[in-house]
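Scroll down for the structure; my scribbles are underneath it.
Just so it is clear, A, B and C label the chains in written order, and each chain counts residues from 1 on its own.
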Amino acid sequence: MTIILVLLVVVPLLTTILCAVASYRVSAAATVVTGIAAFVGAIVLVPTVSAHTLTAIRYLRADALSVVFLLATCFLYAVTAVYAVGYLQTARDVSDGEEERRAYFAQHSRRFFVGFNAFAWSMMCAPLVNGMALLWIAVEITTVISALLVALDNTEGATEAAWKYVLIASSGLGIGLLATIFMYFAGAQVLGQSYDLAFDPLLAAAARLPDTPVRLAFVLAVVGYGTKVGLFPVHTWLPDAHAEAPTPVSALLSGSLLAVSFYAILRYYQIATDALGPRFPQTVLLVFGVLSLLLAALYLLEQQDIKRMLAYSSVEHMGILAIAVSFGSPMALTGAMLHVLAHAAAKGNAFMGAGVLVRKFGTKELDRMADGVRLLPWSGPLLVATVMSLCAMPPFGLFRSEFQIVAGGFSERRNAGTAILVVLVTVAFLGLSLATTRILFRVRPLSSDGRLELPTLTVGEPSWWMVIPMVAGILILLLLGLMPPDQLLVLLSHAADTLRGRPA
Amino acid sequence: MIALPLPLIQVLQVLTVAVAAPGVSGFISWFEARLQGRRGPRIVQPYFDLAKLFGKETLVPEGAGVFFRIAPAASLACYLTVPMLIPVLTSYALPLGYMGDILGGGLILALGSFLVATAAAETGDAYAQLASSRAKTFAAITEPVMLLVVFTVALITTTDLPYVLGATVRSGPQQIVRPAHLLASAALFMVILFETARIPVETHAGTTEFGMIETGRTFEHSGPHLALLHWGSAAKQMVLFVILLNVFIAPWGMASTTSLTAVVLAIGAIVAKSVLLGVVIAVLDNSYAKLRLFKITEFVSAALLLAVLAVFTLYLGGG
Amino acid sequence: MSVLAAAPGAPSVFDGFANAVALVVLLLEFGMLRASLLRAQVRLYAGQSLAVSVLAVVVAVGHHVPELYVLAALSLALKVVVVPLLVLRLLRDADAEIAGSGALGVASEVLISIVVAAFGFFAVGVLDIHSNVLPTAALSLSIAVVLVAFILMVVRRDVVSQAIGFFSLENGASLASLVVASGMPLILEVAFLFDLLVAVVVFGVLMRTHQRRSQSLSTEHLDRLRG
């Protein structure tokens, strides 16, 4: 089993290096194969870590909590790899012509695959590293790689978004570094001057850690890593970066990177609950969660750009996650873990569908798109289903997870928080569904000069490579909603137990 | 060993400042000229200038009020009162030394400056009014700096008496290296550059009217009034030098007993230290250019920054 | 908090000297607020990194932590030599010299930064965190450096100043780690440094992209994405 852990960390790195030198076809094939292999590897790990924590070569560690986030990342890695083939191909078909456009495409796709694999590798490393310091380093690497990827398209908006992203996210991680330092200081009082912030010793000593440094470290971690999660008020880079990145990258950013950064907060939460008691950390998370949810719900009501709308939906779901963890009951925490998985699948699907729309209509503005259901016989309905799932409709996975969260909130008598959660989720539902149904079911686009301008678009999918991942995503959502596999449920409940700390 | 009575030593403190001040000014001008490769004026030239001015007649502009007439003498009196309160010659407190602490000394200096500024404002002359309004504008930032420097003294020694701070600084190397002390000294030095009208705030010797702050305030005075004002500003310069040297930077060489030799040596020491500080200021004069008027706010806000940091590191860091 | 009873005795020579070096770091941060030439900013950053390395050596000497020598040498090589060289090369290619003081004038920025630094000082003072490696004043100073670096990033309107602001934020964090986490295993500290190098490379790439696209280093027009 440890070998799988090591392979999960090593193989995507090798693929990255391969893609730097290989041709387009080889890179595409290698990426897809690595993605699917990673997903299979993560699934194989599930039974083992439900029983005990896995460690390897001293710097890697997998427990139930890590594997939940690893599953989300690897699933998205696999499906977006397949999608990326279609995405780049539809761009390629446009450019198959002169010599220089082909060369430009070759360079662009090489950069894309190298960055894509490196990004997925770093996001897979982050849940698997053993120690707070290594965790910070892993998250910092995800930031820098994804910043380069956001700027890949080289448009005005992309460069602006990339600069904003890298500056804000790096500053946030600077605060995260301060959090790591103060946590180190807290641990040094108990564990001696020179230790390496590995999880197990720190968790074992958590109850004896001094109060003030841990409190400080936790708040700094929520603000610092929260910058990368997209919590209010440090979410301002999120809509720009997710909207301007290439679609497969946006899917990874929204579905997986936000979750991995939240994983970092959860590690701090684990130690803080052991050291300080549950009250303080939960209050902090509740405040940030409610504010993020409120902001996202309000902004969702007036979006003009489809990918930006989905980005705000990510902020909403991260807020829901924070609120769920703040409830603290076993059901809410299990719901939160399930939410991570289901959100990854749903958000990935949504972005992929949005990417298909963008490829089809040639624009990202909602007002210029219309009649999606007829023009895209597969992606259209799949996108409707995905957005419905994002709004937590049954029978999809997000319904089950949010239901569990709400039930968990009521069971802990957090009535006010739960009520606010439900109200704001409804507002978000309104915004999302209005916009999406407008695109997909309205027959004519709303152009600015009033006259309809239906470009003659043929009925049909731009590429089958872009449809299959969406089908896979919907199937996973249905699976998670209707019949989650038992092993998975055991994993989720173990992860929830880890978060609740030592049983009293 | 002739022991001098304490009141005599106190009078000697005032006299030293009064007599040596024009000489220090003269030395700075001479040294600066030498650095520039000129022969420069005589070091004792300011004395001759004062004598010459005392012999001339006084002209008063029409409409000038009482401030114009009393400001020269009153400001000189203020500037010569302060040497009674600060350690000039001795490291022990003298009888009238408890009349006011360093805060009181700062207030008296500010009073002298205020009188001169009001006198200039009364004249109705364009340049004098301009200069006095500029001086007071920047003083809005430099007066808090002086206060903060005083607070640093207070926080280090828990008293306000400059004598005690001198003793503290002499007590060991850790007092000199501590950041609060260094910052307060730097801030006070920058304020001195401003108050004595040196580069980078203004050109001391020239009369560039558009840049005058300190030197413009004496525009309308003449004869003995002008002599008293020049003497007053030289005395102010010497007083500020003495505060910086004997309280912050170099509190050595002062008499610790009342014997005549010790006091005479102390007089020599303070004059020598002032001369050395004058050398530093002359070098700075020749190294930098005058700041444009609106950039002087940056300069004084930098002094404010240093003083604030001095108080913070002391108050919150024990530094 | 005791008011005006703050004369328990001067800190030792080691503490005082360490405090003075940490103070130099903060003063250089304020100097960056003032510098309107981009090259001057980079040089001030190099000076600030030098001060942090010197402090690492001071701690190594004073507390006999030999690992810190290695750290000081590495951070000197990286932050004093490599990073400024990279940025200066970008400046040479971009052919831009003057950045101006940003959105406000220098004096206003200094006053605001004084308030912010005061907040940092008081916050650390309230927290009552004491390390036996360096005095608490050094921790207060490092938090003040971080906060003033944020002000620098906020008021400046060009990519190089913002990037230098971020690098000096890392300097503040390194200073804080010297105070409270000086025993951290060397490998972790080195990993932090190399992470910073990677970040610098990425910043450099993005700065060049920005410069190529908009022919200037200014961020005034980066306001298209709204809502």
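Here is the rule we go by: contacts are C-beta pairs under 8 Å (C-beta built on N, C-alpha and C of every residue); 3 or more make two chains touch, one makes a residue touch a chain.
Everything numeric here is computed off the predicted structure, so don't read it as measured data.
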Greatest separation from subunit B - chain, by CA centre: A
Identity of the most central chain, Cα criterion: C
Mean-CA-position distance for subunit C and subunit B (Å): 36
Distance from subunit B to subunit A - Cα centre to Cα centre, in angstrom: 66
Distance from subunit C to subunit A - Cα centre to Cα centre, in angstrom: 32
Residue ranges of subunit A touching subunit C (in the complex, touch as defined): 133-134, 136-137, 140-141, 143-145, 147-148, 151, 154, 156-157, 159-164, 166-167, 170-171, 174-175, 177-178, 181-182, 184-185, 188, 192-197, 212-213, 216, 239-240, 243-244, 299, 302-304, 308
Residues of subunit C defined as touching subunit B within the complex: 4-8, 10-13, 15-17, 19-20, 22-23, 26-27, 30, 34, 106-107, 110-111, 114, 117-118, 121-122, 124-125, 135-138, 140-141
Residue numbers on subunit C that touch subunit A, as the complex places them: 127-129, 131, 146, 150, 153, 159, 162-163, 166, 169-170, 173, 176-177, 180-181, 183-185, 187-188, 191-192, 195, 198-199, 201-203, 205-206, 209-210, 213-214, 219, 222, 224-225, 227
Interfacial residue positions of subunit B with respect to subunit C in the complex: 154-158, 168, 172-175, 177-179, 182-183, 297-298, 301-302, 304-306, 308-309, 312-319
